[in-house]
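Some notes on the structure that comes next.
Letters are used for the chains, namely A, B, C and D, taken in the order the chains are written, and counting of residues starts over at 1 for each.
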C-alpha cells in the first residue's frame, strides 16, 4: 500500500472511532432518545464524510458501523486510496442534510443533529433564542437563529441550514418545527455546540417563564465572543 | 416433544426474555416510577400473551417471572403444545386492558402502559397533543388522541383504547386522568411509541409554555408520515 | 442470650439493613440532594425506632451507622434484651418529628421526610394537591393535604403531621414552606408514598401549567382507592 | 526536606485530591455541562490556591492536573517550601474571580462557580431568590442576592462577588446574566452551597409558576439560620 493509502485508511479508522464515541455525549446530556440524533465528521482533505448508521441504538454503536459516504450522502466502500469497507447498514436518514453542509461550508469539519427538548420547543414556535447569558455570548456571539420549515427528502434542510448559518456567528440553527443542527471545525466542536445550544435554550426558557431576562449590550456580547474565541481559545 | 411443542416453548421463552428486557427502556427514559408501568407481547399465532408480573420492581425482573396468560388475561401454565410454567405471581393489574387490545386488534403484537409525566399531564386535562413537530409527523401521523375516562375492573379501559386507536394513525392514546397506552407490531415498537409519546408530550408542552407552536400543514404531516412508515421503514 | 434477646437483636440488625438500603430509593428517584432526607422504621413490638444518622452522605451509608433511638428520639445502645450498639453519630435532625409520629400513630411502621422539588413547591404555596389522576386515587384516596408551618426544635412538626394525617386517607402531608412527610405500615411503604407523592406533585403541577385538569368524581376516587387498597393489595 | 516543606507539599497533594474529587458532585447534581464550572480551595496558611485546569472534561480530571496558583491567579510551581509542580495546563478562565475572593475574604476556604440552570435563570432576570423555604432559612439565612453585571478579564467579577456577599448571610451570589458563585469555609462547604443554591432556585421557581409562595416571618428565618449554623453545626 502507498503512503497515501495508509494515511487515508488510518484517518477513516480514527474518525469512525471519534464519531462513534461522540454519540455517547448526546445520551449523557439527554439530547436524544431512541435513535433520533446523529453526529458526522468530514474526512480532512477528502470528499468523504463519516456518519451514524440509521436505526441503531446508541448502546449498540461500534466504530465499524459508522458509514463512510461521499459528500452527496452515497455510501462508498473504497477508492483509489484503498478499501475501508462499510457495514451492511444505511447511513442516517439525515445524511443528505449533513452532506449539503460539507459541500457548501468548507471550514466545517463536523455536523450534529438532535431533537433536544428545549431547543426544539423554541424551533416549534419559530422563535430565535435571545442572547441574555454571558455563556451564550461566549459560545454563540449573539442569538441562536431559526431556519425555515423544510421537509426531508431533498436538499431543502441542508439549504436552510447553510443559508441561516453562513452569515451568523452562531454554530447552531433551530430548524422550524424540527430541531437544532450544529456545526464545528470538527465533530467534537459540533457536539459541544449541540450541548451548549440545549443548555442555553433551557436556561433562557426557564428565565422567561417568570419574567423578561435583562438584555446584554451588543458591544458587550461582541467583547465576550471575541475574547472566548481568540484569547481563551475555542 | 413434537415440533409444534418445541416451537411454542421456544417462542414463549424468547418473548419472556424480550418483554423482561424491554422494561429497562421504561426506566432508562424515566417513563415509570416504582412498579407503575408494564410491557406485554402477543405470542405470534397463539391466543396467548406475555406480561409483567404485578408488584415486582424493575431491578428485580427476570424472564421467568413474566406471566403467560390467555387473551382474557387468565394465567395459563401450559396447553396441548407443552408446559411453559408460570411464576407464583399475578399478572399486572393492567392485564385486562392489554388482553382486550390483543383480542380486538389482530395486527397488534405489543402493548405498553405507563404514567409518563408529560403525557399524563395532557391526559389529566383531557387534551390531545397537536402535531407541531416533524418527528411527531413521522411517528404519529397527526395528533395524539385522548381516550375516555374509564375505571379499572372491567373492559372499559380496553374498549376506550381500541375505539380511540382503531381509526387513528397514532400508536398512542392518552386515557383521560390516567395515562398513555401504546401499541406496535411487536413489543419493541410499542415501547418505542411510549418513548416517543413522552418525548413529544414534553417538547410540545414546553413549547406552549411561552407561546403558540406554529402549525404544520396537514398535507405535509401526511408526507412525513408516509415517508417514515414506508421509505425509511419503521 | 435468651430467645427474646436474640430476636430483638436480629430484628434491629435486619431493620438497620432495610433502612440503610431504602435511602438509595430516595436518590434513585431524585427526591433528595446532599444529606437532606431521611427514612426511619419502628422496631416492631418495641418502643424503639431506627433512623439515618445526621450529616452522612447517601453514598457512604452503612447499616451499622443507622441509629437506634427510643420513641422520644434519644439514642439508646441497648436494654434488657441486649446490646445492639450505636455509631458515634447523632440521629437525623428530624428524629423528633419521626418519633412523635410513632408515639401517636401506632399502626405506622415507617416514616420518610424529603424536600422533593414539586411536593415542596406546593408546600411553599400552602396548597394541597387535588386528586385528578387515577394513580392518585389508588395511592392517596383523595388530595394530598397541607400541614401547618412549624419550626424545628420541639414537637410542632410531629404534631402538625399527626393532626393532618389522622383523619386523611393520604399517607403524605406537605408541611407548609418545608416539604413532605410520608408514613406507611413499614419503611418500604413510606418510601413508596414519598416516591408517589413527588410523582403526582410533578404531574399535576405540569398539567396545571397549561390549563385546569379535569376533576374526578369523588365516588370514583373512593372506588379506585378501595380497589387498590383491598383487591389489588397494597 | 524540612518539616515545613513536607507539610506544605502534603497539604497541596491533599487539596488537589479534594478539589478534583469535588467536581464529581457538580456533575452528579447536574450543575454543569461540558467544562463550564469549577471548584477551588485555599491552601491553609499560605497565599496559594488550587483550582481546576481550563478546558478539561470532568471525566478526565486527575488530582495532578489541579493547578496551584498564587492569590492573583498566577500558576506557581513551587517556592521556598518545596516544588509541587504544575501540569502543562492553564488554570480555569475564572481563576481571577476565585483569587479576588480569597484575597478579600480571609475566612473563605473554598469557592465554586457554575452556570446551574435555575440559579442562572434568576440571574438572567437580575432577580434575587426570596426565602420561602425552611431549608433556605437553614442554609442561606435569607434571600440569595444578585451581583452586578460584570465582564471577564479584570477584577470586576471578583469585586461584584465580594461586595455582594460581605454583608450577607448567604454563601451564594447570582451574578447578573452570568450564574452563581458560592463560598464556604472549605471547598466542600462551597460545593454544598452550590448544590443547595440550585435546589432552592429550582424549588422556588417551580412554586412561583402556579402562584405566590407564602412568606416566612424574618424572625423565624433568623431562628432557623441560627439553629442550623450553631446547634446543628454546619
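In the analysis below, contacts are C-beta pairs under 8 Å (C-beta built on N, C-alpha and C of every residue); 3 or more make two chains touch, one makes a residue touch a chain.
Just so it is clear, the structure is predicted and the values come from calculations on it, not from any experiment.
Shared contact partners of chain B and chain C do not exist in this assembly.
When the CA atoms of chain B are superposed on chain D, the rotation angle comes to 180 degrees, reported as a multiple of 5.
Two copies of one chain, chain A and chain B, touch each other, and the residues they use overlap weakly: the shared fraction of interface numbers falls below half. In this assembly, B is the chain whose CA centroid lies farthest from the centroid of chain D. Each chain gets a centre from the mean of its Cα atoms; for chain B and chain D, those two points are 46 Å apart. If you average the Cα atoms of chain C and of chain D, the two centres end up 33 Å apart.
Shared interface positions of chain C, i.e. residues touching 2 or more other chains, are given as 209.
Shown are all chain pairs that touch, namely A-B, A-D, B-C, C-D.
Residues of chain D touching chain A in their complex: 33-34, 36, 54-55, 93, 115, 117-118, 120-122, 124-127, 149, 151-153, 176-179, 205, 208-209. Across the complex, chain C is touched by residues 29, 132-135, 192, 195-196, 199, 202-204, 206-207, 209-214, 216, 220, 223-224, 227, 232-233 of chain D.
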